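Here's a structure for you.
Read from first to last, the chains carry the letters A, B, C, D, E and F; within each, the first residue is number 1.
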Amino acid sequence: MTDSFFHPVSGMDLPRFAGIPSFMRLPVLGLDDARRKDVDIGLIGVPWDSGTTNRPGPRHGPRQLRDASTMIRAENGATGVRPFELVNCADLGDVGPNPADIQDSMARITAFYSDVRAQGITPLTAGGDHLTSLPVLRALAADAPLGMVHFDSHTDLFHSYFGGTMYTHGTPFRRAVEEGLLDPKRVVQIGIRGTQYDSEDQDFAKSVGIRVIKIEEYFARGLDDVMAEAREIVGTAPTYLSYDIDFVDPTFAPGTGTPEVGGPNSFEALQVVRALEGVNFVGADLVEVSPPFDSSGGTAFLGVSIMFEMLCIMANAISAKT
Amino acid sequence: MTDSFFHPVSGMDLPRFAGIPSFMRLPVLGLDDARRKDVDIGLIGVPWDSGTTNRPGPRHGPRQLRDASTMIRAENGATGVRPFELVNCADLGDVGPNPADIQDSMARITAFYSDVRAQGITPLTAGGDHLTSLPVLRALAADAPLGMVHFDSHTDLFHSYFGGTMYTHGTPFRRAVEEGLLDPKRVVQIGIRGTQYDSEDQDFAKSVGIRVIKIEEYFARGLDDVMAEAREIVGTAPTYLSYDIDFVDPTFAPGTGTPEVGGPNSFEALQVVRALEGVNFVGADLVEVSPPFDSSGGTAFLGVSIMFEMLCIMANAISAKT
Amino acid sequence: MTDSFFHPVSGMDLPRFAGIPSFMRLPVLGLDDARRKDVDIGLIGVPWDSGTTNRPGPRHGPRQLRDASTMIRAENGATGVRPFELVNCADLGDVGPNPADIQDSMARITAFYSDVRAQGITPLTAGGDHLTSLPVLRALAADAPLGMVHFDSHTDLFHSYFGGTMYTHGTPFRRAVEEGLLDPKRVVQIGIRGTQYDSEDQDFAKSVGIRVIKIEEYFARGLDDVMAEAREIVGTAPTYLSYDIDFVDPTFAPGTGTPEVGGPNSFEALQVVRALEGVNFVGADLVEVSPPFDSSGGTAFLGVSIMFEMLCIMANAISAKT
Amino acid sequence: MTDSFFHPVSGMDLPRFAGIPSFMRLPVLGLDDARRKDVDIGLIGVPWDSGTTNRPGPRHGPRQLRDASTMIRAENGATGVRPFELVNCADLGDVGPNPADIQDSMARITAFYSDVRAQGITPLTAGGDHLTSLPVLRALAADAPLGMVHFDSHTDLFHSYFGGTMYTHGTPFRRAVEEGLLDPKRVVQIGIRGTQYDSEDQDFAKSVGIRVIKIEEYFARGLDDVMAEAREIVGTAPTYLSYDIDFVDPTFAPGTGTPEVGGPNSFEALQVVRALEGVNFVGADLVEVSPPFDSSGGTAFLGVSIMFEMLCIMANAISAKT
Amino acid sequence: MTDSFFHPVSGMDLPRFAGIPSFMRLPVLGLDDARRKDVDIGLIGVPWDSGTTNRPGPRHGPRQLRDASTMIRAENGATGVRPFELVNCADLGDVGPNPADIQDSMARITAFYSDVRAQGITPLTAGGDHLTSLPVLRALAADAPLGMVHFDSHTDLFHSYFGGTMYTHGTPFRRAVEEGLLDPKRVVQIGIRGTQYDSEDQDFAKSVGIRVIKIEEYFARGLDDVMAEAREIVGTAPTYLSYDIDFVDPTFAPGTGTPEVGGPNSFEALQVVRALEGVNFVGADLVEVSPPFDSSGGTAFLGVSIMFEMLCIMANAISAKT
Amino acid sequence: MTDSFFHPVSGMDLPRFAGIPSFMRLPVLGLDDARRKDVDIGLIGVPWDSGTTNRPGPRHGPRQLRDASTMIRAENGATGVRPFELVNCADLGDVGPNPADIQDSMARITAFYSDVRAQGITPLTAGGDHLTSLPVLRALAADAPLGMVHFDSHTDLFHSYFGGTMYTHGTPFRRAVEEGLLDPKRVVQIGIRGTQYDSEDQDFAKSVGIRVIKIEEYFARGLDDVMAEAREIVGTAPTYLSYDIDFVDPTFAPGTGTPEVGGPNSFEALQVVRALEGVNFVGADLVEVSPPFDSSGGTAFLGVSIMFEMLCIMANAISAKT
């Protein structure tokens, strides 16, 4: 049993609409807080969307995700896991970006996550647009390339936009492969769909060995079969989990900037994470939640429900090691 | 053929956006109306949400459900049933609650339904939050405990909240079992999911013999199999039907206070009711529709579509008896 | 390869939120534009809803569909088709209706489409309410009756409304059969559901040989089987494709005036069109998108995604002929 | 003191969100109700917008105005008038329009109001678009032309639209003058503003003697001075009051189809009616409330607040006569 | 200059959309935090609306007010006051209410504020509905009755609702006078308007000497004159400031449960507070902000702008004493 | 009389909801269009918000402003000016920004406007955030510094943000003064208000001679007096007009990223522009309209109403010269 300092406030004690909204009602530990040394999993916000080429908004994601997360309770109803009793979890606050300078922002993010990693904390990130994953990977893959399970409707493997712009939310994993942060043979992308400019991204994927599973294949084979292949691809070595909310059908997750119709529903949105039980994750993110396009707040609530599933499998894995 | 006084106004005669919105465009019969004696099924609103522990709003439910119900026509497209020609239906108005006094409100509701029952009318209720079911059951189960088919994402079987508060929308069926209003062996709860504080509610269910079917089991076995079991559990004795709109996935029914992602879609939302054809229902409710969280009105429209399915099976059953 | 004049502006060059929104960022060709003679498929808006008996709004459809269509890219991710490289496509603008005169509006629409047909252009229409299809068919079926694949939750085969009103969005295909514009033996209607006034429309369908596939049959048999039957019904002769957005479940397409719960999801919304590959379509429409009820814009985006699927199969067919 | 049958339900007894929403919680009297003979002022809905040339929606006005009107209490806080104790008021229901036939709808409206007039009831109308006023005037001015106080941002005096269409919401008062329903010398229009096509309407006004007070003059002279002139223009002879909600600034009344910025605020919206105390009104309307553009419901609430002010001055006048 | 620990985070350092939203980005001090002893002004949330007789929602107020308050900067642009440099301010968190028990909730609130008072902290409260003021006054006026400046469109002086219910948001100040918490001769209510059930509340006001300034008088005399009278009424003795957001016109503050049209605009909403410079306030509240009815968030932003004005005059006063 | 090619489409001919939305329904002339040489005033969109430090969105401004502008008719109702008959106006399309590169975007904007200026066209710009004005001024003030009338609630004169970032929407006019694009002695800023970090911006204004008129002064002196001073400050030399929509109170203009409560209403929003009749404007912009925060579209409609007033005074001035 973990230290009660790290337990969320219960809605049985304080109603869930009350109190300052930290992630899952966990304690908030600032950069210099001494109790950070006891944290196993740290929930971190990256309120940043400067890489967005289309409709901005994910900079508001962390705050809305925190708000919605006060609806999360202590136990996973489907699996029975009680993560906050398995490992010490905390809200580590937000990385402060520079909204008008992409390079400066990436440097700040990498520095923050390098600290987190040095403290032995496994990060669970709430973005932010998908470019967020790149500076995070620079910290987490500093020593060796990682595998990755990637849920998305886009590959985010393009070379550049607008005549040579290299850092956008459509390019992070191209850069990550080029920089040696990802081992492309251990990367699987699931849910890809929608109209495309061309297939330059998928040609690149093929050339380096990234496995792309389009939505038609996903539906035809079924979730269980696809996820079994995903587990096999990443194997037992250290792996990153990146989940773009636009993997989910935009009816279930309208609050995002580049939706593509015809995706999985909310039950599958959770099930795909549960199917990754046992994978050796060194970090995870949930990105592209865009509150200005989420008038009902349903996207944020689905987003934190997915984050809770991530947290459960990560807590189980960490707990199993100790 | 029923008395044309009890037939809804047709949209072919008066456009559906016109006219004062009664339930399904039926005549409205006040407490003292002599024609109440001819009514078989009475639609009743309970605009009340004082039992809500989280986000209020269901007090506005009956009005919005009435408004949406003007879209309902005379015939069930799937089953061909024309309920208003089988039995006399009427809108019996709203029970007037006391928004600042829970016990007073419950007394008012029980008194209203005792009258309705004394008049030989089968009530079909539009809530209100789920605490509504308790004072209704006190009237309907005054003589003997009832069975119940209960669609929901929560069991509503908790003992108490906030340090001993016994009457909230999380406790009605715990009270109903304690008060002998429900026969727990003839109660089935379908669709349970989401995060939980603990399993105190489910421990209670197990201890008294209530059958809980979680959403994972529901999806794994399929609707037909689950509903066959439900029919078997309640058998042929008098039974109550309680339908919390949060049984349905929140994308299909966002207008509710305590949503849980990963539920059934709107087609199944109707099909589960159709699968209860022939059950001996003495009353039914549709609760927890919360207009402040239903910006498009889609939840209310789904709610009345479910109520129409309830009405069809109840009309069939009553009509078969006579 | 087609003339680059007819290629959409790429989002890689000009961000998709920039620029004046024509359909799919295609060039706009006015009535007198000489380049119309080179157009193979013309996208046309009919901003008109005077036939609406319930909630108006589709007059605003074309503008919102154009706006949403700027999210469409060059290639179909599922099928690999690049329609703008197969045939010359253009935005032919809107037909100007007379909002206060139904007959005048129908005459204007028929005149516009007669011109389009005379120019050898295959029209792809964005409505407008469903009465739009009637004046369009008057132009396209001027020589011989057409077959029709019709996706909808209503048959639109009623005789009249409000005591004898013959032209509403509930009557277009009754008129079209009466006027000899459709060959009823080659008409199939898919997705019919919801409550109904009576079965006068379906009795008519039966009497003239129109095949009606209700949603329960659709779900029971599955998409592939149903669509195979649909292809067989229309055969190889000239056929019209009419797609009412309310075919789709209202959760996926809330922006419409007469929704019916319990319909297909967005993936199937696209798949049913893909399943019509090879049919000899001489025109198609997507109708009943109603922006005032589409607060998130998701209905319009789904609508143009469906239009893009239509465009792909039409482009393939035209391209195959030449 | 009036008959308590005609008193509204008090929110002290039944909460204001409860109960079926009739106008101001008054009793509803159908066409054949014998108690109509005791009614002094009848509130009537005309859910119709077929005359709308731009954005439709006012057909939904009466229902939303009824809903909002349940917030109205018994006494005017500013003037102390308690209208329901001065005269018998009732909700006379809606006129059923034919949404697809303008002439048929106008005939239905005139017939309904002719009956009302024959019963000695003074009508207070909730529209509907502004064309509604024409068929109402045909009933009320059957014997002699009326004066009119008209609040609006448009004159609605145009000859025709779209090449000769004579009946739209931009032409009712041109027709009314031509048909001898209004005495132009006793007509004043207040609040006119916004961009215009041309001055054909104002040229007509000048030619027949209608007084047009533009918003710039209104603000420059002040409300008291302007309203004194208005009272003088209409004098003591029978007069009609027509209030287009777009008289008010669209920030205060966004729910309307043809807003013009730069109008009066909500305090003045009420004050201008209070300033008409004592005028000999034989009928009044509040038109162009369009719920699809009134997401917060604020326009409807302002609309019924204006209707209550109208009711107070009309009740005072009727009461003074008896 | 105050301790920098108590300074808000600057938006020049961390963007205003980033970080966990405490009131005005101040440090959060829990019940047991030792630094509470250094606090001069404590901002407190009371997420509670069980006293609401009409449309609920203010329980969500404190969270949304905190979110909006991250837009507040260090200096008052109009007066030049920099409150955080004058006195130590902190966010003291929320009082945890019991949503299903009014008496229990009131006891919890009074206990919380008694502690705050004992610690020498001046409380600035974000409600909650207006019943909140009663348990707060029970703590602050424990020794002697207070004066009060009260902005509102309702007097909240009613005796009871629904047949004898004594504790609702329409009765707090009746109770407060009865309990000796307020000195009625030193109470002024400003902005009263709208329809009313009767004048029982105002008769009571008159009988005990409370000064009621209706909106018509307010507009006729002007803000400066009215506020001079208000300052004179409360004098120099300890006074409470209670500000119901529905004082402001509902167009400027739609997010509230019982709006009344025809109120002051947002500039005046601030000016009335500035006009109270120098009054001896021992506490203040801003109540009835209801996020479910505040779709744009503008009401919350106006609410915190008003709170900042309150903070400035309170900081000046406290600073002047020391 | 101008060439009819440059006249807007009339709503009397084509309903205003129909047709592709160009600015004020004017013809669209691409970069290479030969008819550009005949244009006097060019309306240009700059869909760009990379300088936004808080809530993004203005990149969507031009499209929504074009949509709303289809409500604008031919004649100014207040002044009688018919601008499209005085000078040739056209929609010159959008400048294509690079959303992920601020310097590249500024270079593109300056190049576009340099061309426009070389063609002798006076530009009227729809932003975009306020950084837009800087690259526009670089083109327009290439030869000599300009005067400026600046409506805003912020001075936008800050030195830098986030530790040295020089180009944000809070810094454009600091840069413009530094670069010699503005003559500070001929610059007046009107409407400044809200909380502030510090007075570094206003200290700079004072040091270089920029006149800052805060909102309190504006209201105290009145519009006429303030605007007379403004005209005097800029005199007869070439002047730029920059209008941030947040000058207006956020209730009237909620769709913006950094609102400040307590500003002018919509009538004044137009009047301040009319008061600048006769000033020698060489260009003008309307910036910071942010559709994601403008759910009703009212901000965009107010924005284009302001743009039309700008157009009228510019057309008058140009017409007077020729």
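To be clear about the criterion, a residue touches a chain if its C-beta (ideal position, glycine included) is under 8 Å from a C-beta of that chain, and two chains touch if they have at least 3 such contacts.
If you want to know which protein each chain is, UniProt gives these names: A, B, C, D, E, F = Guanidinopropionase.
Keep in mind the model is a prediction, meaning the values are calculated, not measured.
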| item | value |
| --- | --- |
| Shared interface partners, meaning chains that touch chain B and chain D | C, E |
| Pair from B-D, C-D or C-F with over half of its contact pairs in common with B-E | C-D |
| Fraction-based call for chain E against chain D, same above half, different below | different |
| Chain D and chain F, separation of their C-alpha mean positions in angstrom | 39 |
| Two or more partner chains touched - positions in chain E | 13, 15, 17, 53-55, 59-60, 99, 161-163, 251, 265, 293, 295 |
| Chains grouped in pairs wherever the two touch, ordered by label | A-B, A-C, A-E, A-F, B-C, B-D, B-E, C-D, C-F, D-E, D-F, E-F |
| Touching residues on chain D, where the partner in the complex is chain B | 13-15, 17-22, 28, 45, 47, 59-60, 62-63, 66-67, 91, 93-94, 96-97, 99, 295 |
| Residues of chain F that touch chain A when the two form their complex | 49-57, 59-60, 98-102, 104, 161-163, 165, 167-168, 292-293, 295 |
| Residue ranges of chain C in contact with chain B within the complex | 53-55, 161-163, 192-199, 214-216, 219, 249-251, 254, 258-259, 261-263, 265, 293, 295 |
| Sites on chain D touched by chain E in the complex | 10-13, 15-17, 71-78, 251-252, 265-267, 269-270, 295-296, 298, 301-302, 305, 308 |
